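Quick heads-up: structures coming right below.
Two complexes come next, and they have one chain in common, chain A, joined by chain B in the first and chain C in the second.
Showing the complex of A and B:
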């Protein structure tokens, strides 16, 4: 049984996996009722919050899995990339447990976790495939040649896709989290109502732009500009106009992602695409990707929602695969803020 | 003083002019609405100081990005930070007034946390798509 911890950003998560893919528990603090011993107001974005919840969350995970620490054969924790203070909480707790119980320990890259989450639900994903990680903090494209064999081909040059959704929702005062709200409102609007242009990405730019890279800040600015030009104080935007606006924004955001996906799949002749991260929940992206896959005879995979958002199950999976191969981390493994899993070529 | 940018190149030029006046230990605070072009301005500063800006992305989610180079650039974003208590757990004082240049987006949210000598730059997007930079 593999015990895993994830605390790279806002979420604290603990999972227990019976390898290869039987999840016995997968708890995420924000979606779980936890009794915090000392209570009080805890800063939302603080490492302290991870510290408050990690022990009770770990104890609840053992109970949910119906096991004790005696049943655990290996421990994994996210070690990069993320906020150092936040990462250190999960990593230090995991290392201490492993050291105290004399268990093998492995540090896992968060992105590698996202790229592998799909294997918890599917055992037929072909290699090589295109792995797309789209979330509030990441927008990256990898060729996944096999387990632990990744090549980074492109990434966002500015905002992550999920960040663009959140910020557009904020711009229009639609609430938080922006992703699901924009998705819902966009379904009521006309995606062709307003034409936003796609960013021009040229390979030779001195600003380090690769041909598969994406950009969302121009689109965000275009939405801001459109609002400035059309939202006249004595005549606020109607609900219908907002629906059209977010539908058009979402349509363009999906186009931006699909452009890179289709270029990479074509250039590298890949048989499948795996989309993970929180934005993989977006219905327009799912539909565009699925339709495109059917049309081009490319298989498309989306892990279920609980495996798309930040979670420890994916960390447990990657950890279990490394441990099964005899790979472990040293006790002096430290948390690092950056750390892509492939090399940009 | 106020400068106006009509094109992306104008923004990069204004950023480069500011960059030429920055030295290690300096802090720049950027304010402006969503979509005003704060991260793009940081891209321009980094390009001017490092010769490239390959690693520059929005730090909204990560809260802080470090761009290695001479001098190193610490790119902060306080957009998601909702309380002084949250901000104070980030340990950013380690990076301010040190060996690198700190640039803080949404720095106006917690002005008391910025060094006294911080350069404040406001970016505003106009209805015709041009941008005004004030405080340069």
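Showing the complex of A and C:
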């Protein structure tokens, strides 16, 4: 039985997995309420909250799984990328728990967790496939050739997709977190009411393959400019106009993602696309991706909603795979804010 | 057998023993990497025990105030070990930890830890049988106010800590500088403090013990202003 911890941002999560994919417990303690007054995640408050809840959540997970620590054979924890103070809570707790029981320990890359979450629910995902990670902190495209074999092809050059959703929601005073709110309001609006252009990407990028990169900062600025031009003090935007605005923003954001997905799949002749991360819960993205897949005979996979958001089940899965291959981390493993997938120590 | 550690400042410290017997102690400098250094130091220390980790009966941990991240590394590590071994925790305020560096025969000992943002955490102690006994409520103060409180004490005083090191020129010239290096005498003093706490039933279950931050997060302080 693998025990796993995730604390990279504003969700504390504990999971217990009977490998390969029998999830005995997967608990998530969200901190959204704490960060709402600040309009975004406050790293110090996130770390404090992780510290408060990690032991009770761990205890609840054991109860839910109907096991004791004696039944645990290995421990995993997210070690990167993320907020350092937040990561350190889960990582330090997990390492000492493993040390105290002389259990094997493995640090897991959060992105690698997202790339593999799909395997907890599907055993037919073909390799190679395109792995798309879209969340509040990440927007990356990988060719996944097998477990622990990833090739980064493109990423956002500025804001992550989810970050753009949050910022647009904040601009319009719609609340936090912005993703689900924009999704809900967009469903009530006309996605073609306002025409926002797609960004023009130069060929050069830090990853060397500029044509697959994406950018959301121009779109975000275009929304802000539109609001400035149309939000007159004595005539504030109507609810219908805001619905149209966020629907148009969301439509364009999805178009930006789909453009890269389409290019990569075509160029590399990939049979399947796996989309994961918090933004994978977005209904417009799911529909666009599914429709596109049917049209182009490409299989599309989305983990269920509970596996799209940050969770420890995906960390348990990746941890179990590495431990089964005899890969472990040393006690001096540290948390890092960034880091490529597949590199563990 | 008691395992103690504190990572509230860049100076990480560890001791293993009980009562007035210190089996091993270590210290290290770590600006940002206690998480990297603490577990290997623990692992190495435990190798001194013939029966290893199974001999541990208590984990004693510096709970702060100090570096917010450092406190959480120590507390999370302590909780994990305590749960794994099913043993209780003993809390020790971090200024008390460093007050053990003041073993001189003065009337008082004071520990001033750098709290950043132009402040220090001040703990004032009387040493009783080699154990620091706290005389004030630990608070975050400007160096000037801390120096005034120290100057107002009626008796001789030894001062130590990262805050004293940083703001030494603001303290009365009459104070005696304490040791700057963690040594076996300080480790024994901490283990005696822990032993006394255990004898007085001042132990905690892992879910009960939290960092002693003293200050709110900066974002909350800004919001209050």
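Here is the rule we use: the second predicted complex is superposed on the first by the 319 of 345 C-alpha atoms of A that agree within 3 Å, B and C clash if a C-alpha of one lies under 4 Å from a C-alpha of the other, contacts with A are read in each partner's own complex, and residues count from 1 in each chain.
Rule of thumb we're sticking to: a contact is a pair of C-beta atoms (placed from the backbone, for glycine too) under 8 Å apart; a residue touches a chain by one contact, two chains touch by 3 or more.
Note that the structure is a prediction, hence the values are computed from the model and not measured.
By the touch criterion defined above, A:48 lies against chain B and chain C together after alignment on the C-alpha atoms of chain A. In the overlay built on the shared chain, the residue A:221 is in contact with chain B alone; chain C does not reach it. In the superposition on chain A, A:85 makes contact with both chain B and chain C. Counting contacts by the rule stated earlier, residues 44-45, 47-48, 85 of chain A appear in both its interface with chain B and its interface with chain C. For chain A in complex with chain C, the touching residues are 37-38, 42, 44-45, 47-48, 50-52, 54-56, 58-59, 69, 84-85, 88-102, 330-335.
Residue ranges of chain B in contact with chain A, taken from their complex: 33-37, 39-40, 43, 47, 52-58, 60-64, 66, 80-83, 85-86, 89-91, 125-127, 129.
Chain contact summary for the complex, chain C toward chain A: residues 33, 35-40, 42-43, 53, 68-69, 72-73, 75-85, 206-207, 210-211, 213, 217-220, 223. Across the complex, chain B is touched by residues 9, 43-48, 81-83, 85, 136-138, 155-160, 162-163, 167, 170-171, 206-208, 217, 220-225, 228-229, 337-338 of chain A.
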